[in-house]
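My questions will all concern the structure given below.
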Amino acid sequence: MPRSGELLERFRQVRTHSLRLAEGLSDADATAQSMDDASPTKWHLAHISWFFETFLLRDHVPGYRLFDEAFPYLFNSYYEAEGARHARPERGLLTRPSIDQVLAYRSHVDGAMAEAMAGFPEELLDLVELGLNHEQQHQELLLTDILHLFSRNPLKPAYSAKPTARAADPGPVQWIEGRTGIQQIGHDGPAFAFDCEGPRHDVLLNPHAIANRPVTNGEWLGFLEDGGYRDARLWLSDGWAWVQAEAIEAPLYWSRTSDQRWSEFGLSGTLDVDPSAPVKHVSHYEADAFATWAGARLPTEAEWEVAASDGLPNSGAVWEWTGSAYLPYPGFAPADGAVGEYNGKFMSGQAVLKGGSIATPPGHVRTSYRNFFYPHQRWQFCGLRLAKNI
Amino acid sequence: MPRSGELLERFRQVRTHSLRLAEGLSDADATAQSMDDASPTKWHLAHISWFFETFLLRDHVPGYRLFDEAFPYLFNSYYEAEGARHARPERGLLTRPSIDQVLAYRSHVDGAMAEAMAGFPEELLDLVELGLNHEQQHQELLLTDILHLFSRNPLKPAYSAKPTARAADPGPVQWIEGRTGIQQIGHDGPAFAFDCEGPRHDVLLNPHAIANRPVTNGEWLGFLEDGGYRDARLWLSDGWAWVQAEAIEAPLYWSRTSDQRWSEFGLSGTLDVDPSAPVKHVSHYEADAFATWAGARLPTEAEWEVAASDGLPNSGAVWEWTGSAYLPYPGFAPADGAVGEYNGKFMSGQAVLKGGSIATPPGHVRTSYRNFFYPHQRWQFCGLRLAKNI
Amino acid sequence: MPRSGELLERFRQVRTHSLRLAEGLSDADATAQSMDDASPTKWHLAHISWFFETFLLRDHVPGYRLFDEAFPYLFNSYYEAEGARHARPERGLLTRPSIDQVLAYRSHVDGAMAEAMAGFPEELLDLVELGLNHEQQHQELLLTDILHLFSRNPLKPAYSAKPTARAADPGPVQWIEGRTGIQQIGHDGPAFAFDCEGPRHDVLLNPHAIANRPVTNGEWLGFLEDGGYRDARLWLSDGWAWVQAEAIEAPLYWSRTSDQRWSEFGLSGTLDVDPSAPVKHVSHYEADAFATWAGARLPTEAEWEVAASDGLPNSGAVWEWTGSAYLPYPGFAPADGAVGEYNGKFMSGQAVLKGGSIATPPGHVRTSYRNFFYPHQRWQFCGLRLAKNI
Amino acid sequence: MPRSGELLERFRQVRTHSLRLAEGLSDADATAQSMDDASPTKWHLAHISWFFETFLLRDHVPGYRLFDEAFPYLFNSYYEAEGARHARPERGLLTRPSIDQVLAYRSHVDGAMAEAMAGFPEELLDLVELGLNHEQQHQELLLTDILHLFSRNPLKPAYSAKPTARAADPGPVQWIEGRTGIQQIGHDGPAFAFDCEGPRHDVLLNPHAIANRPVTNGEWLGFLEDGGYRDARLWLSDGWAWVQAEAIEAPLYWSRTSDQRWSEFGLSGTLDVDPSAPVKHVSHYEADAFATWAGARLPTEAEWEVAASDGLPNSGAVWEWTGSAYLPYPGFAPADGAVGEYNGKFMSGQAVLKGGSIATPPGHVRTSYRNFFYPHQRWQFCGLRLAKNI
């Protein structure tokens, strides 16, 4: 099958998955925005169509007519080269277009793409692949954002009727010794990766070991009950300021129940905290403080990636904070044009996370993947794994 | 017909009118909140049912079961005596309950009220009447709030398909000389009025004249084009600080069109500013500056009310700012219990408006009515009428 | 003695009193600004000289040269007609000019004024008198502002070495019945008064009584210990929001000592709260809540002023909040020119205080005096006196 | 000479230098605080004495009596282990103690140190050395902070009477090829260094070249005149948000003169911008945007340090932003006790600067020195040097 045929199939799968994620949501659910960092479901659904409409259909398909002249202004996220756009914190005020109009927009774009794709040259097919990976990122964001929205509703609605299985006891941590000396990380080869994942390059590793699994809720309870949130010595200075200003005393979505135990709000609603499951919704500050309390540290991005290549078990449950800043790899250069704004311009003030979470769509992760967030952010499915010098 | 029968009829009319106001709105339209001062349509619809459920059904109908145990927390507005409540700036995050559930809540309350009302003694019928007037206030707020929400949407959707008629030229202002000496204002007698409208009491009026009509858009354009928004000398100190901090240069919802004329966004969408119509959506600061520019002043509440009793024509288009602070009348005492929080506790920092607007439901205004807002607020249908000493 | 001679003598007394107030302060004390509402001592001293330099010397003395071309920019307070000026919240950054340079500025202005005053016509002598009253207002502000600054210093320095005498027990409140019907208030006659104090005009008084003295600290402790600061029902809505946002639980400058009693920081340093002395440093919100708790209300401005004319004892200790908004008297018109900005432009959002405090310079108060502050402000020497309907 | 003798001599030199820096300042100059990031001169002078008093005299000299029991609360900067402390943004309100009292405090500590130092064992002498380096850091901060304060005064006072010499034309940039492969950076050996400078460790360098000198004002003008501050494509996302929110259009302290040229405020007052001198007071965001505009990048910390070891000329004029985040070196562990809070806890969100500025005291810099600031900060003497891949 020619590449365009395969890609069209993948296009359909990915686009359908987005719709499926929005299935149980009302027009109102899909419209509200619970904080500046989050976006409405409807906005996600429209924005990912805008990506294909703009960078493929508008730019490369002669005679294509925009579905709606106003949509580029509404659904551009942050591409400066694409002109003025609606202010991010006001996305929740867009009660129009309705979810039905957004779905019609998607259909329209899907139809035009299906028609055009067969004739796309390689570099446009690359752009389609970028668009699909972009859509998959928004699929995860859609889930994290709707979870945040529902968490602010006193009725605590469940996004999903599917019950969450309790985790099996993972046993004590086992330390896996990592490779040392000059190793390689970063993406290489013909398969898709974001620009920031390359170039593949040498890194230098010092003697270290890395845990075989993420930190669990049970271990986190140990930190919490030991007064971890009240002991300034464990915290980075910025982290301690954050803990005090925000009165942080547990992972996001945890709350103490009447009988002094902890429950956790998630996509399936409110449940008792499962001590065997990986802790999630912790910030980089919290992850760092926990590691200090545990006499360990966070792994570097290079340690993590080399270990993963060597078979380090991936929990698939949480993105894992590393101790590395999100900075360009040696020789990194952003792509040309508007899509060059995709990754490079965020290389300031953020930390790298590796792995992938329960909200990450299937087939979207790889060892070279570089996720990144600010150190105080924790509405994503973020956890951690320990490392140590040996 | 006994009072309870008449009241039940009125109950049905008022309750139905609320539903009619929400008819063209989607679940999303009814959920969003565009600023802290405004509330979602859905919230208004639920809150006014909560009023009847709480102060009538829960308190006085044996065996009444709450429609939903969570609703009192969600839909109490500001009654401290009624306990904890959902934070006002977060009302727009309540995507659940849906508009349909809120309508079901209304039906449930309506059914229980219809059944119970016949047996209510006089003082409960008084409370019903208060509830209906309360609902009518929220009918106006529902309109001002949805207008504000739609104004923030770049698509500028029209709330109503009904076109707005152009006003007839009202001609130059005529000055109507007012009564002087000891006069009376304030509510008296058996008809309904809010507690703050009484007691009826003597006031002392100095020689003055009052305009026969509100200030028009055309007159306002004169102020604007004369540099009124840039001349500090015309403004109260707080007003000037507000103009500068908010970069105010015209009434709310006005915008300059490409050909340097002004258009205005309203319930029927965007229209050219009508020079003959009363100016609306101006703050007390703006009204005061205009009056200073015009060599006049705002009328006092007493001047306005006495003139209205003498037949001063009411435009019915805008609430009119007065120069009076919203303070208790001599001998005022708030009602007992939670409903006593209705008016008295807001007697600080606000100014009185008289009259009534195009958004005021029929039958809701009277000369003794005291509307009140903070001097910077202008999302209501607020205008002004001039007065002067003679 | 001709008026200019008398006035020169008064000029010298008032100007010298300002210097005396600053005597014990270091250059640093005189420079710091503890909040936006307050100004540095040095700034007060310079600003009141700027008033004479600008409105008398610059405008009316041919050949007068400004002491420093930069000073008008630095020391204009809020006169829009006088052009651009240094931002108020940045006054504390003006470490230069030094206190010595500011004192030299004062001497320079004093010399030029002494020389010029003999030749001033009546209307300029009126302006001098305004300048002196303006300076006296700043003398009080100088004290309230330095007290606030020192209160923020953990060393809690005393401004004055003079001990504060304990008050004699004033005994229970006696209620003095006030006049009713048409009475007159406001300034009239040739003596000096600010423009806002007139015109003298008729007011209408209802039957009422007014307390013979201000509320004491002892009475305030009763309110406090009865949970007054925690009972929403006693508070205006804005007041309750303020109490919660600012975590208010006592008058400004009170603190609970280790043995669960209260001490108070004042110009003489930290002392035990004196139960017999008038309570001070309470906001309008607090005053109103106390009055509600006590089953009384604040007097109106007219009640207070008529009673004062009839010999109501003035404590001389605190400015007394009234229940009246600071609004123009009937027929009020601001003076022409820049000095017309003196009072009228503040007639929005503030409440009137009557009386005078321990910080008010001798000879500065009169019954028609209208002091005014926002309802949350309490760094002035503000207290209250009760009134009630009869 | 024994180490304690040498150190005492150095102690005297460093301590005297601090006094010299404060010589021309008034008590007011030394008290004011122009922003939260900056501290008053007086506070710097007291804090560096507090360091010696606390960690040497109080902890290790039997019978030592604190100079003032209140000072530890006032002059602890951020050492959580040392207990509660005065809030940083309120340092400018400490008009007491006066500068003279602070100087007396310094003398007292100096006397006690001189007496005690001869008997100090090695590890206490190490602590003394840390204290001196700590003091030298505050010497630089004292200068940057007083410059910021004076920049906010419309009188624009000069800190120093010493004129600033114009720089010689440095000619076009020459690119110096750097070493590649495994190299070493970080401090080693017996000489003093801060804990964060070690351990010395291997790093891996890719082929690159580094400029022989920092970017000049003349080159910066090229960026500015080319619209660099208005072209979003050149900026990191956080940087662009900062440029827009703060309306940044030139380095801090630059202002456009009436004839459309640029002047710069500095320690010697306001001067024309010198095109041959290194640009200073630019943020990391600006440095990064400039490098992008120039088709280059910032050097990594390792590239810079290895080049410096190989003789890269140090301008001595500005700290140079690198592209590296301030993170722990492999094997880094903070010191025990309160002094362990010195560096490690700031390893989040900041970027490394290398080199040293005109404000850095003599003898304080070395190639392994790691200075660090947040990417938006620019009141330090910060510039940049370019690097590129080859």
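Note that the chains are named A, B, C and D in the order they appear, and that numbering of residues resets to 1 at the start of each chain.
The definition used in the following text is that a residue touches a chain if its C-beta (ideal position, glycine included) is under 8 Å from a C-beta of that chain, and two chains touch if they have at least 3 such contacts.
Computed from a predicted structure; not experimentally measured.
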Shortest contact path, chain B to chain D, counted in steps: 2
In contact with chain B and with chain C at once: which chains are those? Just list them. none
Farthest from chain C by Cα centre, which chain is it? Let me know. A
Rounded to a whole Å, what is the gap between the Cα centroids of chain A and chain D? 37
Just the number, please: Cα centre separation of chain A and chain B in whole Å. 45
For chain A and chain C, let me know how many angstrom lie between their CA-based centres, rounded off. 58
Note which residues of chain B are touching chain C in the complex, please. 78, 80-81, 182, 201-204, 206, 232-233, 235-240, 284-285, 288, 323-325, 327-328, 330-331, 341, 345-349, 375, 389
Where on chain B is chain A touching in the complex? 26-32, 34, 70, 73-74, 86, 90, 92-99, 149, 152-155, 157
